[in-house]
């Protein structure tokens, strides 16, 4: 069975700031053609993923995180188009690849665990067949494939009896582990997991997160974990990128971003997550709702809901700038972040 | 994270859909022709006509006087066609109306109440489905006389199960929706829920069946007429086809006789299909992400 | 249990619900005993399959119990009919999980809010005023604008406020809220939870909040019931249950919740691995397959709820 790596804080990982970058996304733009017009789902997102690093891509529904992640694998909806930016993966520009090459790196170098992956397993095939199918894409067949299938199940902590089962015979947590096994089958360099634990119960969620964290460490795989839950990223991610209205508004090592947030949206998000280990303080909502991405506002997108907004904020969009080594924020007032953080902890700041 | 089901009640978009326009245009065209049949058709459909020189105007090719020519008995094909649209619409609309009303009501009750009511209604539906349509029409015609209304009656008695089943399925799924339960906790009784909440959501499906049913009814009536069991006093397109067949129009090359009624039947059935096709987007709303 | 006092608004005794599934009997709810006093907010905590949603539906008589009884204001809920049932429907209301599905998509907000009023026979003249009042109560002051909208024109947070408004419009005594915020975005949840706290304080409603989210229950509820596989395993003041859980399942549950800080407890949860399709639960403790402390008695005898602190009960054979 797996040995769980406990007690390691993410401080060590964040110290490896000089880790070579596996993936570098700059100014990514993805749009959808809808009956109402063009929807700019991702409109200038930039973030990095280092070698053997777990990045948490955090944001609420509609912020563009899933779209951004899917564009990395080249699997986008029919009406979606990448309209700008660059994605550099191990030195190659992913956006410039033709369909053939993009298809080739899927599963072998970049693997995607879709949202509610446990429901995306084919119900009419046994688990072993599904594992073998993916292994065949990497030209692993026959005896070698069957051995590898067993090895993968060991890695995710499932008994070999699962091989003969159909998806509906397994619990949600077990199916999620199968989805993770499928993603790791061909030793990819990067695994993108979209809301991998959202649909799971708390205890199962914890177990799956522990498994993912342990595997990530042992296999030196990079992971992008997409979620809306800050507690989950705090638990297992080395670094975090916060997305809002199609853009990355803040990114940096987990400890730094959560402890010294520099963007008001991040500060607001932290207020919205209750901390079980502390007293039941007042939860403070962020008033209003995200802007309509069919007609994105000029200037900072969070300005309408930001308690610290200046006139400048509504007119000029702040660029994502490095305010400390490895810590980037897109806010005109990031220099006053310490003072703003104090004010952000008070409920009255967020009331209209 | 939030899944939104948006039912776009967008009549404007519906009205711009080419299929919808095509279907509605065909119906409207035939409706106008039927209403103004007497004005449009130069002759009565069964009148035996003579030429100026006194000879029977039979099997004449299309001309200025007879736009589609004449039958072998001397009747004006064009007038028959025009009057035929009247029966077509009467038969089609009345049969469709009854079939849809009965089917919808049965589907609503069976789907909502379940249990004994459902079982009883569905067994009756099975019986109706088990009886073959044309032989039944023939038998009914034999007992009650071969009138158009008896054909409508026969169709009404046998064709409602299809719509009933599909509507029942829709009701079964709607019944479990949260807002129906909300109505129950708000104190609404069964019939209020059925007719105030569920029925409006069923209506588009019912209308869908309506548009298809018109075409089916016309087709069925044409089949019955073609087999010779139609009302001899009214002129229908099916009757024209039967007449043409019996008079060996094909071997005589009288295409102007049987092709037009055939095309008209095809148009009416297609119109129903076009309208139902345009309903798809309305009936099966997309999940907005 | 000791004698029920007059302050109990809702009482469940031996509440049981069985379902038939492919020949096997599923014990969704298996002999629940609990009470909710007037004005008390109780949390019902449990994971999927624990039977918590079924319990909520039983309480509102949306499904009949297989055994046991529920008393509301002293009267047996399952046997109510006619005017008594109508009255019950005005006194006990439900707040749904999915705000996008809880309102009829073809109705305006006005029509949806009018429904309970019409059914309760509230005269037309009064309806507008009550709608305005309840919308103000849920912090949607622009009544005219909101009432004219259809569900697809509103955000999740607004919709959930309307759902709450619809539940409150008849001034009920008791509310069942089933995962009221799980489908809302995080930054919106806080607003709805605060609203629920306010409503709790203003109206003195009794309520039961059904959720798998410990932090939600802790935020809104004074007392918490923990359910596992159809049974209540712990019952006590929320702070006590969260800080000093007595039942091994609750202990594992609390330990498993992540917090939004990098410095947190990452110790492995000491549960034995879940086995799929464990045996018949009729005998013994439902948690025995996963419990790290299970011994022979746990397999033979079903543990009853026993005192484990002030007002705090736990169903476990271990001594506290």
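In order of appearance the chains are A, B and C, and numbering begins at 1 in each one.
What we mean here is this: contacts are C-beta pairs under 8 Å (C-beta built on N, C-alpha and C of every residue); 3 or more make two chains touch, one makes a residue touch a chain.
Bear in mind that the values here come from a model prediction, so they are computed numbers and not experimental data.
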Pair joined by more contacting C-beta pairs (A-C or B-C): A-C
Chain located farthest away, centre of chain C as origin (C-alpha): B
Where chain A and chain B are represented by their mean Cα positions, the distance between them in whole Å: 55
Distance between chain centroids, defined by C-alpha means - chain A, chain C (Å): 32
Computed distance of Cα centres, chain C from chain B, in Å: 51
Touching two or more other chains - residues of chain C: 185
Residues within chain A bordering two or more other chains: 60-61, 228
Residue numbers of chain B (touch at least two other chains): 1-2
Chain C partner contacts - residues on chain A that touch it in the complex: 4, 6-11, 60-61, 157, 169-174, 201-207, 209-210, 228-232, 234-235, 254-255, 258-259, 268-277, 280, 282-287, 289
Residues of chain C defined as touching chain A within the complex: 47-48, 155, 157, 185-191, 193-194, 212, 214-216, 218-219, 242, 252-254, 256-269, 271, 273-274, 276
Complex contacts: residues of chain C adjacent to chain B: 60, 62, 86, 89-90, 92-94, 96-98, 100-106, 112, 115-116, 119-120, 152, 156, 163, 166, 183-185
Residue ranges of chain B in contact with chain C within the complex: 1-7, 9, 177-179, 181-189, 192, 197, 200-201
